[in-house]
Structure formats: structure tokens, C-alpha cells
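Each of the two complexes below includes chain A, the first together with chain B, the second together with chain C.
Right, the complex of A and B next:
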């Protein structure tokens, strides 16, 4: 044993790969149920009247968003960190017992927090803040999970052999610091049991209930500073970290411009934090803050496209790989959708466009072309790249990957086109009025008109879920296949070769 | 001058400093092309491409560790 050559240790990466897949299925399945509930309201009662409390839209909705954000995506971020981190720092987790223990504690505590979230949200226990629904005991668990990840991350960086930090590491560090700051400030809350009412009652409400430390407009401002930057540091920054590693690695091409990657990084860090105000256009927050949110959102196109174009140009002269390799297809589509949604977002943030888009389904469409097209595709591509290397087996089926790619692409296209039409129709109908200023339509008129688009969205979501199940099956069959010799595997990848 | 005015001037000054810093950094990257260790920024792409545990680091954190790695290789 003593003379065994040093190898990277993927134990923790494998654990998080498993939760990425399981929580992805859970989150997307609930999403599909929700989509069909909107199109066909009877589905709210699909388990009968008695269980309606647990199956209605409002109870399931936070479960969908939180399962996808904090379950699927975060697991993917952790899984790739425990893979990419070791490799680009050229240090193995196996070299430090402490880091291995921290990694395992990180995983199991994360799983415990996920279980607490699922149970509490199903039970209807929530702070009612979007994407920050967890009550204070769970928040403490989340902070612990995060701190342990951070200690493990900086521990690994501390024992590295490579002096410089690869661009992906910068993005992982930014994810850690960004979410830490956002989560702490937005979840400042006071347990109601510590409060005393005007008439002297104390110990109000259940022990786990709390109220936000902020109120009114201030609460909205902090909430959307958090909400928008959760998109930044959960859905953008760590996914950029992934593509900067996995696309060059899978294609065998060096990043088109490493310098561009550095300046895009600082540009993104500089601009993103100020853009959250665009969620509160035409609200009670100060006008200058709304304008600032709009302007910074438009400027955000530059650093976002800096990364996306850098990725596309990395394939310069090697475009035949897109046709040959299903894995490259996933990543190129991901970066294309990244460009697309980082152009769409700023357009929606322009005040005059927002006057039509705000509160409509166009926003839902925007979120989903970002998350399904960019985040989902990139995480699946990352796991496909990692699977043969961590399990030391060939990918089970390349043709299944190709079929999955086209089914999911069709799903995403159906999703965002139906939501565009629905959203703009909705926005126009809400604003329409006659010559005396009376509204032309009532709310139910819009619902009737939107029904077919809601049905199409449900089908789009279902196709994506079917593709995700194909992905899960492919990974499962890869895990359980015959192991191959290391040498044999090396020559069998990258996929397109 | 009240606090709101001070905040506004402070905010403007901070934004200006950050903009100058960012553009200065971009100018540095493209004019110098190399970092303080004399390594071309573009060669850092190799950190991903040559990332096996026994690959040579682009710039090693210490010679001692490389030697140790070398010994293990044998």
C-alpha cells in the first residue's frame, strides 16, 4: 500500500453526483406537476381532497425552486468542486485526512439539511421569502454546511502544488464568498418566541417561527439584492467555473483567451451585485435605485458575453467536434443559452420593456431558458465528463446521450417560446384600455387566452424531465458497468476523438 | 453637507476608483501579457489541460513538493 502511486480521490465528488441526480429528478418532477396544474387546475387535487394541502400549487412551488437551486444545482457545484478543485490545484484529497473528514461531514450535513427542508416545506413551514423560505433552525444548518465547504476549499488551496489558481477556482471562491454574504444578510430574522406584543404577550408562535429583521421596502430591497445575486452566485458564477474547466478539457483546446477570462471575472464581480434593483421597477424603492438596477443590468451583458464568447472561440477550428461529440454539444448549447439569457435579462430590465414584462410569464420563460438551457445542460455535461473518470468505466451509451440532447433541446425551446408568447400577450392584455381608460380585459380573460401556451409549457417541461431520466439511467448503467483498465479508458476519451 | 449627500459623493468616488482599477487591470493584462513571475497568462490554460497528478505544474508552489511528487512517481 505504501508504494501505491498518488491518485485523486473522488469519494466526495461521487456522493454529490448522486444527490445532483436524485434532487434533479425531484425538482424537475415537481416542476412538471406544477406546470400541468397551471394548465389543468384539477391536478391540484391529484391525490384527492384529503391531501389537497400537500399537492396544491402553492405548497409545491417552493419545493420545486429550492430543490432545483439548492438541491440539483448546489450538489452539481459541490460534485464538480471536489473533482475540478483537486485536479487544477494538483493535490489529492487523499493527502489530507482532515480534508476527507470535512468533505464527508459536508456531504452528510448537507443531506440532513435537505431532508429538513423537504419535510418543513411539505408541512407548510416557511418564512415566505422567495428562495429563502427556510426557518431559522434550518438556516443555521445551511450556514454550517457552507462554512465546512469553505474550510475544505481553502484547506485544499492551502496544500496545492500549482502556485496560481486556475480561473475556475476563482469562480468557485466567488461562489463561496458571494452566497455566504447574501445568505447571512437576507436571512437575518428574529424567532417569534423572543418577541413581546404590545399587550405584553410573550413566547408568540411555534419555536421554529421567525420574522425578518427588515420590513416593508427595506425587506424588498434586501430580498431582491439576495434573490438576484442568488442567480448570480448560484446559477452563473459556479457554472462558468464548470465550463472553463470542462469545455477545454473535453475538447482538448486551450481557452481562447485566458486574459479575457480574467477581465470577464472582475467585470462580472463588479457589475452583478448592483443589478438586483431591476426586480423592483415601478415599486416603492427610490427611483434612482431602480434606474441603477436597469443600467447595471444592461452593462452586465459585457462580462457575461466575455465569458460566453471566450467559450465559443475556444472551439475555433475544432467545430467538427460539436457534430462528433454529444458532450461538446451539451456544452456549446449551454454557452449559447448563457449568451441568450444574459441578453434577454438586460432587455427585460429596461424600464419600458419591464412595464410589459413585469409579473408576466415572460419572466418565467427567461428563468427557464437560463436554468434548463445553461445550468442544467452544463451540470449534466460535467457529470458525463466526470463519470468515466471517477467510476473508471466507459459511458454506457453515446446514442442515448444524443437522443437525450435533442429531446431536451426541444423541451427547452417549447418552454421558452410558449412563455414568451404567453408573457407578452398577458402584458399587453393587462395594459389594454378603451378611450375612457377602462381596462379592456379582466384577469380571467387572460387566463382563457393563455391556456394552450400553459399546456405547451407543460409538454416542454415533461420532455426535459424525460431527457433527465435518460441521463440518470445512462449514468446508472455507467456506474454498474464492467470496469476498464486505466490505459484503455485514457484512449477512449475525449468522446469526439 | 448631510449624510445623504456624503453617501452620494462616496458612492461616485468608489465607482470611479473601481472603474479606473478595472480598466487599469485590463491595460496591464494586454500590455504586459505576463504576470509578476514572468509567466505568460495564456499558458495558465495548461492548468486544466495538463491536470494529472504527475503532470508538471505551470508554476510550482515549491520545488520541495515537486521533488516529493517525483519520488512518489518512482
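Right, the complex of A and C next:
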């Protein structure tokens, strides 16, 4: 071992931090617009009749989901990888020219794919499959970005000094492998330009159009095997990777239990993939798969709570830090929302509950307490922890962080409570019969009744967005502040005394 | 074993992959051996209907409308017979949706007319007071992409043996042939014939004129598709 401390290279991490923030603002802003469009349909025309095609709910909706998943979250995953990876493997990116080049190519190609996605979704070029809307030319770009990330990841692992892989690395590896497998299989499609007509014409119609290799029920099965696990390997696995690194670092506490982390990791890997069937309950996929989907969803509570409890117990004896440090607040709330969301999901996956919940806003509520409460809070916490270290400046304002924390927490609470009420109300009204056995409500009755909840949800989303803008401002002021003079930062931890 | 794996990234990655691939192997592959077969009465989409389906996808109608009737009394009362797997045999991609902000459309062709759709797409609240659905007025001027629909027909016929130009058994014992043109021009001519029948039931003079000129606005294709959902 050399004696001098390693100088880690955060060039790529910084680039991805910026896209995390920018794409986060874009995705959340579109989300707020969508929320208010449902409450006040006139907003569909907010840029006038001429642009209505591009500003109406249905065209914007995939942009919102993809901007948050593949923009905000994935950027956050990459940003933390290029930070955490070096530190736990005890090797600097700068030690390998190749890895640096790969990292840069990774970033710029990612940005190019993001741009292509934005253009194509606005134009309505989509395969319609949720979170897999991209047509084949973009799919090829996505695969390239992913492979480059993987080569860089295993390259860095290959030249590591710390021989034993830390828990976070397990989760990053799983993210890479899981998404690779799911994305490839779900996007199997045949470009229609390959077909030839009877008179020998080929390359007919739009060159980017394709048709799915699977049809009907099979297509649904593959899609939700993907859709559910895109959540697993995009919103859970890499976020767990983050909290396993940042919580111990920020709190100065060691992980509570190694055995619990083993159980949670391998349990999560095995169980998660089975649970996709819970999106297809009472559909035309075989009954045994639906039942497996339900059962494994309930079992999933074990590994999920294993990680969450491991995090909470890591704070054992140090709970005063939650009051003292806004950053610890973010992470503790994130793991609490993780517990909450991973209990709510299995409840919704129980067949009789799903009969009411499916197709309603309760599902939307579930997704958002997970993404806003768990994913969003954890990524922001990670960036807050990284910012002083990569920019060599103290965090601009701690009180702004505290204010942001409470505003966003209020936003999340308004969001999921209103969606619970909306979802259960609608689910119950759809199935209500009168004394003669006729349907008690026409469909539109079950829509108009939701108006107040849609309005409250919009306010909740807006509060979260406001908090995110405060976050962006705080990071911006941190970046652009005068660098801290030579030597150590004033505090070992940005929030510590 | 775990300690050893944590020091050997390659074997670690292989282990993770095996564990995560397991569920897919068990759940998905067997179902593929038994590919969905169409039920009696399920026919492939005509060129115009397929172009309409593309309009439906282009505008993410599936973000708010499902096409899956679950086997509950409340659903069969509202939407008709519950869905059967074989009814989706020609759906690439499937369009079940995951959210019902608006009602299910699996069998909308049974209880809505061309005329109703026309008014509804122009101004939803005029037909359904209180509706929060946005208007889709650009569909009355944008042109449907018949060429791409034809390319898709050719693709599914060539790669997945979808039975175009062949008799398909219907529920009443008769049979029906869904025509696919042998060239782009022929396909456009077939689509236009079908479009004329739809336009005849519409009121919008611009749409009627366009079809008369040989152009097919998106709305005509979309209505052809919606009418085919039964």
C-alpha cells in the first residue's frame, strides 16, 4: 500500500450530479403540470390550441415517468456510482485513462439518448409499453450506454485495492445485471422496415417503427416482468446501494448487521423477480402466475424490511443526530418511506385488495410515496453528502435544507393521502350496486368525485417541486461559492458540529 | 461462501444473475411454449384499423384507458364479457393499460358509434358532462400513416403468420377475410375504401372533403380502430 492518501477523480460524478438536478426539475415539473391537468382540464391548453398536441396529458405522461426514472433516478445512480465506486474500491478513476474515457463517453452518450427520448416522446413516437416506450433506434443507444457503464464498472472493480466488495457494490452490480436482462428481453421487436411487399417494395413507412415480438397476454407478461422489476432494479436496488454507503458515512456509525445485509441482498434478488405477476391479477395470464405474484409480493416484505431495519438500527444510540442533522433526517425519512412503501405494495398485491385498488389512483399514490419519499429523498441526501467533497466547498445553507425537508415531507404526505382516498373511493364506487343489482354509479360519477383529491395532490406535488428547487439552489450556491482554503473542510461531515 | 463470493466479482455477478434469472425461466418460458391462440371471431386488424391503433398509441390513450375487463359482475355489467386471452392474439403490443382515469375500451365498439366518437374527440365534455378528458382536435387535420400500418401488416404476416387474405371463422359460423394489399398503393386504396364508410357517418365537412380527396385524417383511422374493439 502507498502511504499518501488517494486523490479520487470526481469529474464524471459531477457531470451526472448536474443531470440529476436538471432532469429532476424537468420530470417533477411535468408531473405537477399533469396533476393539475387532471384537476383542471383547461390546463391541457396551457400553450394554446396550436400546441395542444404537445401539451395535453396523454402526450406528456410518458415524458414525466421516463424523465423521473431514466433522467433523475438513473443520473443519481450514475453520479453516486462514480463517487462511491472509487471510494469503497480504494482506487481512483484517474489511475486508468481508459476508465476516464469510458466514463466521459458514458455521460455524453447518455445525454444524447436523453435528448432523443425527449424529441421522440413529444412527437408521439412510442411503443406504448410503460417505461419501455422507446423505439428500436433509441433502444440500441440505451444498450450502448448500459454496456459502457458495465465495462467501466467491472474495469474499476478489476483494478481495485480493497479486495472485498462492500455491500453497496453488490447492489450496483445487481442493478447493472438486472436492468440489462430485463430491458433486452422486454424490448425484443422487429423493425417494420425489414418487411417486403409482394411486389418487392421494402423500407415502407416510418423507418423507426417496430412491432413487438410478443403478442397479447405474452406481451403483457413480459412487460410487467420488466415493468415491476425496472422498479426493483432502478428504484430499489441502487437506492439501497446508496443508503448502505451514505448513512454510515454521514452518521459515523457502522452498519448494524452484516448478516442482515446478506439476507436482504440475496433475498431481494431471488424474490423480487417473481412479484411482477401482481400487475396482472384477474387478467388473462394463467392463474398460477397471478398467485405466485401475490405470494412472492408478500414474501418481499422480508428482504425489504431487512434492509430498512438494518438502516434504522445503524442509528442505534445516535438518534440525537436525526434532530441535529438535516442530512440524517433525509436518510431516516427515506428508509421509513421505504418500509412504508414495501408494506403498502404487498397489501395491494393481495388479490382481494387488488380487485379494488387496480386501475385506481391508489396505485399512483403507492408509486409516489416510494419515489418521492424513498428514491427522491435518498438521492438528494446523497448529493448533499457528495457536494462538499466533490466541490471542496461547504454546503451553502443548512437552514435551507431543513426548510426544504419539511416542505417536501408535507408534499409527500398530501400526495399519498389524497391518492389513497381517491383510489379507494373510485374502486368502491366502480363496484357498487343498488338494491336491484344494477350499477349504482355511471363512470363519470366516479371521475367528478375525485376533483378535490386531484387538486390536493397537485398541491402536494407542487410543494415537493418547490423543495427540489430549493435543493437545486442550495447545490448551485455551494458549487459557485469561494473554494475552501487549503486543508480540510471545517467539519469532517458537512452537517457535523 | 458469501465471503468468498465478495472477493471474486466475476463469480459474484454470475451468482446474482442466476438468482435473478430464475423466476423468469420458470414463469415466462412455459407460457411461450403455449402461445396465445385466437378465439373464434378474433380477426387481425385491417390496414385502417391498424393505422388507428397507431394513433391510439401515439397519443398514449392507454395512459388513461384500459383494455382489460376483469371477471367481476361490476365490470361485466359495465363493459361486457370479461376478457379472454385469445382475444388479444393479434395485439402487438398489448394495450391493457394500468390506470382507468377514463373507462375501459375493450368492447367500446359494442356501445359507441362513429358519430359519438367524433363529437367526443372534438369536445369530450359536450358528450360526457364533467369529463376531464382533453380534446383531440388535431386528429381531424393530421393525416394517418397508412404506409407504416401496411409495413406492420406485412411484418406480422411474414414473421408471425398472421392470417391476412385468409378466411377467419366468425362466431356465427360464417367466415371473414381481412384484406392486405400486395403493394403500398393497393394498401392505401383498401384503407381509403374503409375510410369512406367511416367518413359517411361523420359530420365534419373538412374530414369528409379530405377523404373525398383521397386523404385519411387520423380521426377516421382512430374511429375505425375503436369501432373494431368488440
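Points to keep in mind about this one:
Criterion: the second predicted complex is superposed on the first by the 472 of 497 C-alpha atoms of A that agree within 3 Å, B and C clash if a C-alpha of one lies under 4 Å from a C-alpha of the other, contacts with A are read in each partner's own complex, and residues count from 1 in each chain.
Throughout what follows, a residue touches a chain if its C-beta (ideal position, glycine included) is under 8 Å from a C-beta of that chain, and two chains touch if they have at least 3 such contacts.
Here the structure is a predicted model, which means the values were calculated and not measured.
With both complexes brought onto chain A, simultaneous placement of chain B and chain C is permitted, the two fitting side by side without a clash. Of the two partner chains placed around the shared chain by superposition, chain B and chain C are both touched by A:164. In the superposition on chain A, A:399 makes contact with neither chain B nor chain C. When both complexes are overlaid on chain A, the residue A:8 reaches chain B alone and has no touch with chain C. By the touch criterion defined above, A:443 reaches chain C but does not reach chain B.
Look at A:360: by the touch rule set out above, it reaches chain C but stays clear of chain B. Rounded to the nearest 10, the superposed model shows the Cα centres of chain B and chain C diverging by 120 degrees about the centre of chain A. A simple residue count on chain A separates chain B from chain C, and the partner touching more is C.
When both complexes are overlaid on chain A, the residue A:352 reaches neither chain B nor chain C. Of all Cα pairs linking chain B with chain C in the superposition, the shortest spans 5 Å. Residues 163-164, 262, 266, 270 of chain A touch chain B in one complex and chain C in the other. Those residues of chain C whose C-beta lies close enough to touch chain A in the complex are 2-3, 6-7, 9, 12-13, 16-17, 19-24, 27-28, 31-32, 35-36, 57-64, 66, 68, 70-75, 77-78, 83-85, 87-103, 125, 128-138, 142, 145, 147-152, 154-156, 158-160, 181-184. Residues 37-38, 41, 44-45, 49, 52-53, 56-59, 61-62, 124-130, 154, 157-158, 163-165, 170, 173-174, 177-178, 181, 185, 190, 192-199, 201, 204-206, 209, 211-212, 214-223, 225, 262, 266, 269-270, 272-274, 276-277, 279, 282-286, 289, 292, 296, 355, 358-361, 363-364, 430-433, 438-439, 443-444, 447-448 of chain A touch chain C in their complex. Within the complex formed with chain B, the chain A residues making contact are 5-8, 87-88, 90, 92, 160-164, 166-168, 244-245, 248-249, 252, 254-255, 257-259, 262-263, 266-267, 270.
If you check the complex, the residues on chain B that touch chain A are 18, 22, 25-26, 29-30, 33, 35, 37, 39, 41-49, 51-55, 57-61, 65-66, 69, 72-73.
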